[in-house]
Amino acid sequence: MKNIQTLNLKTSKYIEFIDITSEVREYIQKQGLKEGIVIVYTPHTTAGITINENADPAVTMDIEEFIKRKVPHEGYFKHMEGNSPSHIMSSLFSASETFIVSNGELLLGTWQAIYFCEFDGPRQRKVYLKIIES
Amino acid sequence: MKNIQTLNLKTSKYIEFIDITSEVREYIQKQGLKEGIVIVYTPHTTAGITINENADPAVTMDIEEFIKRKVPHEGYFKHMEGNSPSHIMSSLFSASETFIVSNGELLLGTWQAIYFCEFDGPRQRKVYLKIIES
Amino acid sequence: MKNIQTLNLKTSKYIEFIDITSEVREYIQKQGLKEGIVIVYTPHTTAGITINENADPAVTMDIEEFIKRKVPHEGYFKHMEGNSPSHIMSSLFSASETFIVSNGELLLGTWQAIYFCEFDGPRQRKVYLKIIES
């Protein structure tokens, strides 16, 4: 796949946020992209991509605890596989995010990190990275 | 509109998830796009675009039931039209998603399908498709 | 930063939705973009970008009230700064949105406006705008 890089991740918990910012930065450098955008896309229906703080690990721990409590297994769910909460979280967080690249650098805020979100782990997961030059 | 395709959809329920994956695939083939991205955008404030499983129809039924119960009509809502839950769902699911195209194919996961989300139906709705070549 | 414009915003409340549609339109005109996309990105972990109605101001007031009640401070939150609800809202609404530009115009629906979402104000905030020509 032209220009596309695949990240392979191994998650270890039911819900888990894995910081993939450095992998995205390396991809941009390897591609030599100076100006453009990068799409971070996960091809799973019980996972997602989000942006949040990585300075204090309690931030993603609080997000994890919050969604675990607010999106529980409900008696009315009919999906046979029993993981409807994971599918709901995936739609709420969404499977991709788009980032700006400028002067060869990922344009993130001081506190922003890019997270792969596991909502039905542990599993083997993939993330695709794709650049568009401006 | 250069390169842009409009899908016209007719929804039949208050909340409804309509699989538009084959329409997006046809658009990419018609445009002859080999490498790039495609933006799927709905111009409504009480609808959205999401990605989820289409193998078991119970998945989107469970999502539908969940959001209907979690985003009900609240006594404190002031919007005269009376459809604030629909506007809230639209912001939570978001009006667009971006997809990667590689070797002329939409790069979806095995279980992923692209859904138009009706949050205030039944109505006539539109979705815009737009490619960017890489 | 080539082609990138920074908007500087001053918010005045804990949660606030600021309509930035006209700033995005001016940026597109200034860049002379005829066909393509525009990425609207905020570099903060307690803010977001969303699309919703601007005809009746009660719509964003209802969204504001809803998320304030549904994402409150919880006793189990561990983040020292005490603003975990703001981080959760940021991930749910997401830090960016992508829009289609056609014939030099932002392709919005009749009722759609682009909002910067403050989830931890009042603060000084930034939004980055970036075009990709198709």
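All chains are identified by letter, namely A, B and C, in their written order; residue positions are counted from 1 within each chain.
Note that in this section a contact is a pair of C-beta atoms (placed from the backbone, for glycine too) under 8 Å apart; a residue touches a chain by one contact, two chains touch by 3 or more.
Because the structure is predicted, anything quoted here is derived from the model rather than measured.
Colleague: Based on which chains are in contact, what kind of graph results: line, ring, star, complete or other?
Modeller: complete
Colleague: Between chain A and chain B, how many degrees of rotation does a Cα superposition need? Round to steps of 5.
Modeller: Fitting chain A to chain B on C-alpha atoms yields 120 degrees.
Colleague: Once you find the CA centre of chain B and the CA centre of chain C, what distance in Å lies between them?
Modeller: 20
Colleague: If a residue has to touch 2 or more other chains to count, which residues of chain C qualify?
Modeller: 92, 94, 98, 132
Colleague: Help me check something: in the complex, which residues belonging to chain A touch chain C?
Modeller: 35-37, 50-53, 56, 58-59, 61-63, 65-66, 92-94, 97-100, 102-103, 107-112, 132, 134
Colleague: Considering the complex alone, what residue numbers of chain C touch chain A?
Modeller: 1-4, 39, 41-45, 71, 74, 76-81, 84, 87-88, 90-92, 94-96, 98, 126, 128, 130-133
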